[in-house]
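Structures given as structure tokens follow.
Heads up, the next two complexes both have subunit A, just with different partners, subunit B and then subunit C.
Entry: the complex of A and B
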């Protein structure tokens, strides 16, 4: 019954999305205002219906998990009776089918919110916006209905003979049974999926030809929201890795981690470049490109996670549906660049094509030549597509790339012959550029570095496939590569974080620069010897220069913080002088009256704090390993760790843990008992290996991180020795704090103004209420 | 030790974890080998080179195939063969691991350069190391040219003198007037600030 309800919900949702697609396009093309309104309202209700049906479907699935409905294959596959109820709920996205349903549900939420009360300024492009949203929904609903249906009933392939429904489930992957896993995937999905909204608006602007800055203004808050959640999702993944994987860190440049970072980087570039379009009318075409590639990269990230073409710690998410994502990605890019092309932005269309084509070559030739194929599907209802489809895609891609190469080259020749002016360009900006020392220039450098950083991460991630496809050499590209390539780009971005906001628009005079930067530069300069004396000098020197990289990064963090504090101080002081408010009230009112500006500063401060935390925790971590018997002690950085006892703890039907009780004392005073443990989860057919779960003492200075690596004799816990691994991570707490500040800053940026809260004016035409 | 093992990755399927951070049998065997090589006085580069060569060697492949083919029957021969192989690469003493561990290592240790966390910066791999920076420089140059063109376009002389240009020409006539003009310009520019 529940399975039927779920199946019908997603099937009807698919029908509604398909209808919305047609109705949206019809409304967009209708000439008659009334007819347009009628079809638009219909498309709007279509998206609302998709939302209701998807909400019903996910509700049914959650109910099935909580009530142990093992008749549903997916519920059996991802849970068991012994699991605590909160993990039963998070098991909904523990496997592929459910996580796709969650994706669809989040997408349907965005669809409904997008059309619920659109801004009047973009009212005319909303039908197309709904149509593009519907295309995306149709794709995901097709997947959920026909290849990864979470409501499938009956034994999976290979286990056809088993008694059905079984009395208990297989259980969830042990690594996913962590509270951060209840937050990390939904936050990440809200971010990833949210990037669809700017894409919908951008595409709608392109389709309708209404290419002024209205869509940019309408989309800014959506993008900020999605970008914030993507950033928080990434950080929550870091916390999960830190608290669960016990590899001594929170970021490993794993391909799937990289896949989430890449759209975040291009999204950051977009959030900055929209300002330049709003203020100066520049970069109209470039913003379109950023919107399209950010969306494409979010789909590409999902493709990387699911396809298994790259070795990753996220192997639990792999299956055979990667090629479907690839096809969808290609279609969306063709749609995007096709409209860009129609609107006269030939060069960007060419860039996007080359980008797509490059990825496709890597993927297809990588597979054909090296025999890398997606692994056998973990879930039985995810068949591989026929190989022939890939050849067809290759042919299409070749044809499109060839055509684009012809058009782009002829257009470039035309530009040079025609004094730099394209023949026709609806996206031509009101380009005015006066000085290299201006905020416009700072924004351009920002975009250049962010897109460059995104490219560097993408390139490094795909480098093993590329090298194998081109030269047949098998290589690995992991932390040692990224830790060399990314820090210089990161440092340049960090520096720009401090400099950019304080440079005026149009052009800066030496006087401006002196007024804005004299104090922050002095503070940063003064911090250098202080940091040196505090011991920030241990990592590698930069060539012959006796200054360590970490010292430069931390001094730049000080500089950025000083610029922000200086800005707040100057603003509050001016307001205090003007209004007579107290400094504190002036500070609050100043922030609330200039939410975007000061919210942005708060986010920039979070970035500086993040860099400081990462530098401290990664470059100055200390590691000690030791075998300990009960009563033995280990000393590290003034802490005395004494193994008190090793005990066993059981939660019937769920897990069994070997727990080391380690007393932690500092300067002879006992602080607490840390309990690193090894969990063994119960469950049919699951990996029964022990999973070490670290115990952590968080302090602002450093974290004491204990991992129980081995229990020599689990049968005699009174006298057994253990192998304990201890890390000291300086400043890691600030990485997480920076996430909270990042969230606060973005919240401030997103707060609506009084003008925005005003209800739109409505008129009635032949009984239809329309917004002006 | 940490420096060396942080340059190696585990290929057992745990997702390219660094050998310094991984706890699987594969990583433990690697760490034991590296410890012995450091004791033998080998440098980081020498150790990494030797491990790349060892894992790419035919002898190691033969041993792995023997394990695959004959299983535990070949225990003595495989263990002896593995010790001999390690000796060739500077490991005089290898203990604390059984046949199961060695068999696991032979199967999962990775082959050749893929055991390195990053390719060596030589040959074709130089492209991989430098391309992001080359593209950044090239794209930076293109953006610079684009801005230069915009900048040149943005300063055409007005055909008829407007009040601002008259003021500007008056302002530039004396140093004190110039600073007053700049101060006013600064004030005006502030209005553009968001």
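Entry: the complex of A and C
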């Protein structure tokens, strides 16, 4: 019964989303004001309905997990009775089907919030916003309903003989049974999925032709919110890797990690670039392109993770979901750049649209030849699409080709009738670019660097697929490639972080630059010898980045911090002089009255801290390994570690752990007992899967990181020896702290102002109540 | 936009994007390695000596020999498609705990003069039991 309820709710959600798509387009194109209002209200209700139905669906699934409903295949495959209840909940998104449902649910939340109380300034484009949101919802709901349905009932294929419903579940991958699993995917999805909202608004602006800055201003908080969560989600993934994977790293340039970073990079560019459009009416075209590619890259990212085309430790089991993503991705790019073409960017957007359409045709005809099915016989998962799904794809291709031909020819006719001049140039900038030494130029170069970084990461990630497609041989790059490419670009961006907020608009004179930057530059310069004295020099050094480069990065971090401190100081001093309040109160009020600016400074400080932490953690590491019996000690960098005992901890029905109790002392004084362990989980763990879980002591200068590598004699714990691996990683804590400061700074930026909290005005037209 | 302005931007853009492209090219050339099948490695033989590469294979059942002083593990991997083709491997560290007979491994290392893969990095995937359960569910749909 639960499965039926679940299946019904996602199917009906799909229907509502499809309806909203139609209603939204109809409302957008309606000439009559009343008709527009009526259909918009209907579309709005459609998205609210989708939200309610998706909430029901995920509620049903969570309930099924918590009440051990193993009749549902997915619940069986991702959990078992012995698991603690909080992991039963997070197991909902442990596999492909459930994680897609989570995506759909988060998307439906955003859809509902987007249309709940839209800003009056963008009210006229809301029907199109709803329509574009609906297209995305339709796609993901199609996937959830027909290719990865979490409410499927019955034994999984290959195990038909199984007793059904089974008495207990199979259990969850041990690496997912920790609290990071509860935080990281939801945070990441709130970020990833949230990038759809700016795209909806941008597309609506393009489709309606209303290309002034209203959509930019309306979309600011959405973008900030999604971008913040994506950033935090990425960092949470890093902490998870650090605390669970026992290799002491927090980032491995794994394809799935990169997939989340790439849209974050272009999203950062977008976030900054829109400030220039707001203040100077420039970079309008750039902002459109950035919002489209950020959305496209977020879809591509989730496709990379799920389709199995890239080899990764993170990837879900291979599935046949790839072709659907390609279709959707290519169609959305065609939609975005197609409208950009229509609104005046004839050459560049036209070329991109044509190129993407070409890819789409190749993809379609490729599928016609091979059919849409999972890649190889020994890869698992996912039901087959219906017979002849390829022909549906072909039909869609013809429809799109026809629409494009119609649109292009009518556009060309329009130009011809207009004496060869384009009909639109709403994307033309209102101001001109005057000098390289200006804030406009800094932001433009900022865009270039972020987009370049994003594509460098994308290139490195996709290299095996590219070389295989072109030459049949797979060539890949790993960490070293990224360690060569990213630091220089990162340094340039870090430098801009310090320079950008202070450099004047239009044209900066040398005198002006000197006045603005002499103090921070001096402080940064003075920090160089200080850093050298503190140990940032060759003899202590082992990392992959040259020491001179690390020094420059750290000095630049000091530079950025100095500019920020100076800005806060100057602002607080001015306020203090003006209002007489204390420096402390002046500081608080300054921030609260200029939330965007000073919140932004806090975020920039977090960025500087992040760079410092990452650079520091790559500078050196100390590693000691030893076989220890109870009572033996190990010395590392002034710490003395004594193995107290080895014990077993059991949680019946869930897991069994071998725990080494290690007393940590520094300079003779005992600090604490660290307990590195090896976990073996029931169900999944019947294959004797032991997962080493490190024990970590966090301090500002370094982390003491213990891994229990081997227990020589698990049957005789009183006298067994263990192989203990101990690391000292410098400055890793700074990275996590920077994440917290990042969150706080963005929170300050997002706080609403007094003006915005005023209630909207309501007017009545022909019996219909509308909000102005 | 005035032509002079446009020219400035094009020159600037070319410099910045050009620099990034050169950086990427330099990084790829210096740090790329092929992902090979075990059969490729065995077939190419001496051509590959001394060059870093990545190999995917399955651990041959019964071939694992673990040593503690010095800490290392010796084993053979076989080609994923062709079980007859094998390659000897040495990995000088404690292997991941999912490492056992028939595990799928992803290795990164260098082939030495004796044709043995000296592996620097090893990743194991969860045992195939997890994957085999879910295959085509077309039968399921026809119910």
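As a working rule, the second predicted complex is superposed on the first by the 673 of 772 C-alpha atoms of A that agree within 3 Å, B and C clash if a C-alpha of one lies under 4 Å from a C-alpha of the other, contacts with A are read in each partner's own complex, and residues count from 1 in each chain.
Following the convention adopted for this analysis, contacts are C-beta pairs under 8 Å (C-beta built on N, C-alpha and C of every residue); 3 or more make two chains touch, one makes a residue touch a chain.
All figures in this text were calculated on a predicted structure; none of them were measured in a lab.
Engineer: Report for A:480: first if it touches subunit B alone, second if subunit C alone, otherwise both or neither.
Structural biologist: Both partners, subunit B and subunit C.
Engineer: Looking at the overlay, what does A:275 touch: subunit B (first), subunit C (second), both, or neither?
Structural biologist: Once the two structures are laid over each other on A, A:275 reaches subunit B alone.
Engineer: State whether A:224 touches subunit B only (first), subunit C only (second), both chains, or neither.
Structural biologist: Once the two structures are laid over each other on A, A:224 reaches no partner at all.
Engineer: Could you tell me if A:64 is touching subunit B, subunit C, both of them or neither one (first, second, both, neither)?
Structural biologist: After superposing on A, A:64 lies clear of both subunit B and subunit C.
Engineer: Quick one: is A:141 in contact with subunit B, with subunit C, with both, or with neither? Answer first, second, both or neither.
Structural biologist: After superposition on chain A, A:141 lies in contact with neither partner.
Engineer: State whether A:690 touches subunit B only (first), subunit C only (second), both chains, or neither.
Structural biologist: A:690 contacts subunit C only, not subunit B.
Engineer: Tell me the contact category for A:674 with respect to subunit B and subunit C: first, second, both or neither.
Structural biologist: In the superposition, A:674 touches no partner, neither subunit B nor subunit C.
Engineer: Just to be sure I read the superposition right, which of the two partners does A:512 touch: subunit B = first, subunit C = second, or both, or neither?
Structural biologist: A:512: touches subunit B, not subunit C.
Engineer: Which partner does A:452 reach: the first (subunit B), the second (subunit C), both, or neither?
Structural biologist: Both subunit B and subunit C are touched by A:452.
Engineer: Need the overlap of the two footprints on subunit A, from subunit B and from subunit C, as residue ranges.
Structural biologist: 311, 313, 432-434, 436, 444, 448-449, 452, 456, 459-460, 463, 473-478, 480-481, 484-485, 489, 692, 709
Engineer: If we count contacts the way the header does, which residues on subunit A are in touch with subunit C in the complex?
Structural biologist: The touching residues are 77, 152, 154, 156-160, 173, 311, 313, 317-318, 373-374, 377-384, 429, 432-434, 436, 444-445, 448-449, 452-453, 456, 459-460, 463-464, 473-478, 480-482, 484-485, 488-489, 625, 627, 678, 687, 689-692, 709-710, 723, 725.
Engineer: So in the complex, which bits of subunit B are touching subunit A?
Structural biologist: 2, 6-7, 9, 11, 13-18, 21-23, 110-119, 124-125, 128-129, 131-133, 135-136, 139-140, 143, 147, 149-151, 153-155, 182, 185-186, 189-190, 192-194
Engineer: Contact residues on subunit A for subunit B in the complex?
Structural biologist: Per the stated touch rule, the residues are 247-249, 252, 254, 275, 279, 311-315, 420, 431-436, 441, 444, 448-449, 451-452, 455-456, 459-460, 463, 466-467, 470-471, 473-481, 484-485, 489, 504-507, 509, 511-512, 594, 596-597, 623, 692, 709.
Engineer: Sort out for me which residues of subunit C touch subunit A in the complex.
Structural biologist: 1-2, 5, 8-9, 12-13, 16-17, 20, 23-24, 26-28, 30-36, 54, 56, 68, 71, 94, 97-98, 106, 108, 123, 125-127, 129-141, 143
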